[in-house]
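I've put the structures underneath this note.
The same subunit A turns up in both complexes below, where it pairs with subunit B and then with subunit C.
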Partner chain A sequence: MKRLRSKINGMRRSPRALGIVMFAGLLVVGTGYTAVSASVSPNREVVRTQEQIDLGKKIFLANCASCHGKNAEGSVNAPSLIGVGEASVDFQVSTGRMPGAASGPQLEVKPVQFTLEETAAMAAYIGSLADGPSIPDAAYLQANGNASSGGELFRINCAMCHNAAGAGGALTQGKYAPQLMGSSAKTIYEAMITGPQNMPVFNDANITPEQKNDIITYLTYLQNNSSVGGEELGSLGPVSEGLMAWLGLLGLLVIIAVWLAAKSN
Partner chain B sequence: MSIVKEAPKKNGFLAGTANYVDERVGAAGILKEFGRKIFPDHWSFMLGEVAMYSFFVLLLSGTFLTFFYDPSMAMVRYDGVYAPLKDSLMSKAYETSLNITFEVRGGLLMRQVHHWSALLFVAAAGLHMLRVFFTGAFRKPRELNWVVGFVLFILSMAAGFTGYSLPDDLLSGNGLRIIDGMIKGVPFIGTNISSLLFGGEFPGHVVIGRLYALHIMLIPALILVFLAVHLFMLIIHKHTHYSGPGKSDTNIVGYPLMPVYVAKAGGFFFIVFGVIMVISTFFTINPIWNYGGYDPSPVSAGTQPDWYIGWLDGALRLAPTGLEFMIGDYTVSMNILLPLVISLVFLGLVAIYPFIENWVTGDKREHHALDRPRNAPTRTAIGATGVTFYAVLWAGASTDLIATHFKMNLNQVLLAMQISLILLPIAAFYITKRVCLALQRKDKEIAIHGRESGRIVRLPHGEYIEVHEPLDPYDLYKLVDYKDYKPTLARPNAQGKITVGARVRASLSKFYFQDRITPATQAEIAEATHHNAELEAQVQKAIESGK
Partner chain C sequence: MTENSKEVELQSSAINSEHEYDGGLRVANLDAVKDPGLEPHRVRMTDKSVKHEKAAVRQVSLLFAVSMIGSAFALWAYFTFPLSENLSTVRLNTLYLGVGMTLGLMGIGIGAVHWAKTLMPDNEVSEERHLTRGSDEKRAAAIEILNAANQESGFTRRKLIRRTLYGSLALFPLPGIILLADLGPNPGDSLRHTFWKKGTRLAKDPTGIEIKASDITIGSVFQIIPSGLNPENKEYLEEKAKAAVLLVRVDPSELNETEERKGWSYQGIVAYSKICTHVGCPVALYEQQTHHLLCPCHQSTFDLVNGCKVIFGPAARPLPQLPITVDSEGYLIAQSDFLEPVGPSFWDRSVKS
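For the complex of A and B:
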């Protein structure tokens, strides 16, 4: 036993050991990753008709091509849309972010410019160019998951930008993470799988579709249940509370003090 | 039978009790002494009261919370009624805080009462301090009471911070982590102090229990002691009053404590309590259920401390980066040390300001009549500088919210704040001083020449004049009653040497008083009055001659 252990120790110290261990490690990680990533992008059957694609291309050429290029190949002003997927188009267009009004640190939410059919047609056109994240399955948008685990996932993955209460937050150089209290389940899901603008992509290996549903469940709970403690003051935490304490509480008491100490005429 | 009839009439129950108490503890003497204490009437004298009353509300609501709170960091699975946290792993402290919120009857209201009154307590104390500063109420004999009040302000911040951490939610945990970082940033001893406080590596298993002991025992006890000293000194010194006819440094004009002030102050307590209750009923404060239990890995955007710690958070945020250097194996983290040192120096200056001003003026008299802020231009300007400095640091704690809500660039907001921190206080000093001097000049002008009446009169030789009405003595009093300090020169001491101290004092004195406006003198006013009378006579003559 002792001899075996010393033999192993001897092997461990050999200069070749490091190489062997590294190779074995990389092999395991590499094959593991390939297996996992293959298993998490299910080739869902995507229904898109040629008619839709043609309409989408027409709308694209009329509204988007000036920046994104005639074949969606991108230009100095805008990125290529080949491979961004239907989810990306749906997210950007259905929230009014696209078409963008002006270049700036970040695209703003604006009144939506296209009808649902037009949006779907554009999505179909972009989706037909190359594979990418597709429109999420309605099964994951029911907000019927576990709010508690969703809350935990949200705090770990999302709260550092979007705030623990989903009130949004600032990023560098004028960019920001928007507040989520008005976002639909579909928008939230699409944002996670496409990583619009400054948001990272949370793919299905990172957060499974069920977990995404949990997060949506948690956010829907927050959207539907206002604070039990009364007016929320924007869910901004201690800053708006401090403002309220000074102006609301102390301000009111100062007014009362002025009244109490006023000389009666 | 007749004896019974002639027996001395029995005093009522009240008189009997009063007599009983008086014979045993000398209540009549106490009442005579305190009951006749005079309190002047002014709204700004009630700010300290607001602070005191909110402290009483804190004691009451805090006691309620202790019945249901458990400061344990043992991990449990949540099994309460709040669905989005069901089965989450959390500390006992957070679980009991949630139970107070959702399951204890009246618990949420009490939590909100406790938190809102905490914010009010520190805010009212701060405003009270500003009132005392800007009216010069800290002058002899009240310098020590200023220091006691300063200690109370620091204690109230400490009470607030220790309480803020108790729910052990994500927000307060992030705040505690920042404190941990600040402690660790102190060179050489920081790491050891941190592990002493947290019982090992942050967050450990003991810190909530320790903060709880500080929060419910040591700090409130100290606040009570210092509050007692504060009030005792107030009784000894008597209250100050604003200067006016018949009010001076040698008297005190107002109502006696009994019965007027007891009734007023007692009523005011209930008003403060009532306002806190109303705000707590309708406005959420610290929605801990949104933040989740503390876990060192997540950090939420928009993490801020309560307002009174905000200026320290702002100091950290505004500290320029890249100033660290190494001494041997130790990193000297200037991004933490610089804000720490600046904050301590700022607090130190606040604490000793009365002694600085006293040294500069060399004024050994007692002052019971308050200054109008304009009549002490340099002090008012220094105060404005301090307030501006504090305010920029304070705003610095919400750079992220300013950026998102006003659609600005976070980095530029930060840079603007860094520049403002240096430039704005300087600007505030000069602007405030010039405004004070201008107001003083205007006062002097009015004191001497009287009020503009708006009556334009043409004299026989064609000159137009506006008739000025002289002020009545009551209004005049306010405009001329202030101290005129002259800049002092550095004088040699007994050895015939001009010490460095004397030079510093002389230059400070020059800084304070070189461009002062002297109050209008009796002679100036008399001359002007005489001149006005002559003009008036001329006008009357012209009217009578029919022109």
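For the complex of A and C:
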């Protein structure tokens, strides 16, 4: 036992161990890379037919009416859905936010509960109740606009909550702006025109459909191109970078300083 | 070895006797930390065993070899991963160049230290400090040198040179002092006024497109600058920094307005300065359902439907409200400038307004 311990101690003191520790530190600091890849899902057109509306009403009564009311008029637990539009239904259901699992500060993205047809049917039903934002025109979801002007619009209108690199950020009392690196063009567009949950609305008078396409172009560029500067550390700026510098690099310097001053055995 | 340490001892006792002096009326500190002396010399493994010595030699030369490989790698990487128009080439180029150069320098550094620690002599040696005061002969010699310099340069004798030198030395710092004037001029009342005037239309940032009240649906947020402020203006950035406004439309029944501000909004449309009253970050994180406005820098939270009063965080005052209305064409306009200075406190801003 004693011998083993002294052997371990000996190994720990050996210059080789120090070399290994330092090299591992260097490796961690210098060469962390992640490949960011996010695919943009194809656009879907919603055509409202009577069958769809009937199917949508059935699904609605079975899954949504307990909170949103039998006629989508809302209740103390959930808002009215009259006039929220097809885009709102599509956004909430196709990202899995609805049906909500529990009430809380914010409904979170989770596995999608309904098929594309069922989602479209529900959207058609809610859309048939009253006019509201409709499913965006596929022409504005091509991510073929001006990424540079989209970047400027994003920084002025969106970056304060969603972070300049689309990494998301905290809001008050447990709410947060989600990160946008996995969001499809359609989801981004629908979020802008419907203002889901605590996000404000950005109507066409504020940001025109062409400008929305520019913003989508910018975000798609961010999604498809990894950071030029290497590891982004979550794109959180000084928070994660400072943590890395203080804990990682400073730790390495402390190890080197201890080694420099230690006597050789 | 023992001879060596004896020599050191002899030397140190000689120096000590030379430096002994009368403490005078000084209070003797008998409780002082005792000099622990040098710890006994520890013989290294590399001194005791040839095997360890050879291993250390190998390690040091290996570290120097690593350095050589690193430098060669950096050279190779520079030519193998050239920079091009494509920005992403910066990444590999910088990474490999950096790794190679780091190995090149660290190999030398670590190798040299390891060499010194394991193979070079490690006898402990102590040196005593000398008194600050020089010997009388040295002091006399120094004065002699000064006198000789004075004689030879004629510093005392040539009055004209001496006085002009004094004059030039006196004037020399003045240009440096006058530069401090560039810290000014005082901002005057520019901190109390912004680009907003009576009738200035509200325009979208950055396009400068003027907006109508009917454009703004409930739940909308518009980032606003005063119309007529465009990047060609010389003072564009300064004025924009003061005049930036957040425009929000809420259900008018949700607005709790004080009696004096009843006329400052238009059908539920309210405009507030975007510059935080704490240290001036742009406050634009608006939550549509709670009507909270959050400052991202220090989490000051303002309640938009209650006059933007502070409900959390370090800000001391509500965000200033811009009184707005519409003109005959339906465009949103300012009724006046802000009625209080926007942004953080400053030296002569009164606390109340």
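The criterion applied here is as follows: the second predicted complex is superposed on the first by the 209 of 265 C-alpha atoms of A that agree within 3 Å, B and C clash if a C-alpha of one lies under 4 Å from a C-alpha of the other, contacts with A are read in each partner's own complex, and residues count from 1 in each chain.
Just so it is clear, a contact is a pair of C-beta atoms (placed from the backbone, for glycine too) under 8 Å apart; a residue touches a chain by one contact, two chains touch by 3 or more.
Everything numeric here is computed off the predicted structure, so don't read it as measured data.
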| item | value |
| --- | --- |
| Subunit B versus subunit C as contact partner of A:78, first or second or both or neither | neither |
| Which of subunit B and subunit C A:172 touches, first, second, both or neither | both |
| Touched partner set for A:205, first subunit B, second subunit C, both or neither | second |
| Partner chain(s) touched by A:160 [first = subunit B, second = subunit C, both, neither] | both |
| First, second, both or neither for A:197, with subunit B first and subunit C second | second |
| Touched partner set for A:181, first subunit B, second subunit C, both or neither | neither |
| Touched partner set for A:230, first subunit B, second subunit C, both or neither | both |
| Partner chain(s) touched by A:218 [first = subunit B, second = subunit C, both, neither] | first |
| First, second, both or neither for A:67, with subunit B first and subunit C second | neither |
| Doubly contacted subunit A residues - partners subunit C and subunit B | 152, 156, 160-161, 169, 171-173, 177, 228-230, 260, 263 |
| Interface residues, subunit A side, partner subunit B - complex | 105, 147-148, 150-152, 155-156, 159-165, 167-174, 176-177, 218, 221-222, 227-233, 235-239, 241-246, 248-250, 252-254, 256-258, 260-263 |
| Complex contact set, residues of subunit B against subunit A | 41-47, 50, 83-88, 101-102, 108, 112, 115-116, 119-120, 123-124, 127, 170-171, 264, 267-268, 271-272, 275-276, 279, 281-287, 289-292, 295, 297-307, 310, 397-401, 403-404, 407-412 |
| Of subunit C, residues touching subunit A in the complex | 42, 44-46, 59, 87-88, 90-91, 94-95, 98-99, 102, 110, 113-114, 117-118, 122, 204-206, 211-212, 215-223, 248, 282, 284-290, 292, 294, 296, 299, 301, 312 |
| Subunit C-touching residues of subunit A, taken from the complex the two chains share | 15-16, 19, 22, 26, 30-31, 152-153, 156-157, 160-161, 169, 171-173, 175, 177, 195, 197-203, 205-206, 225-226, 228-230, 259-260, 263-265 |
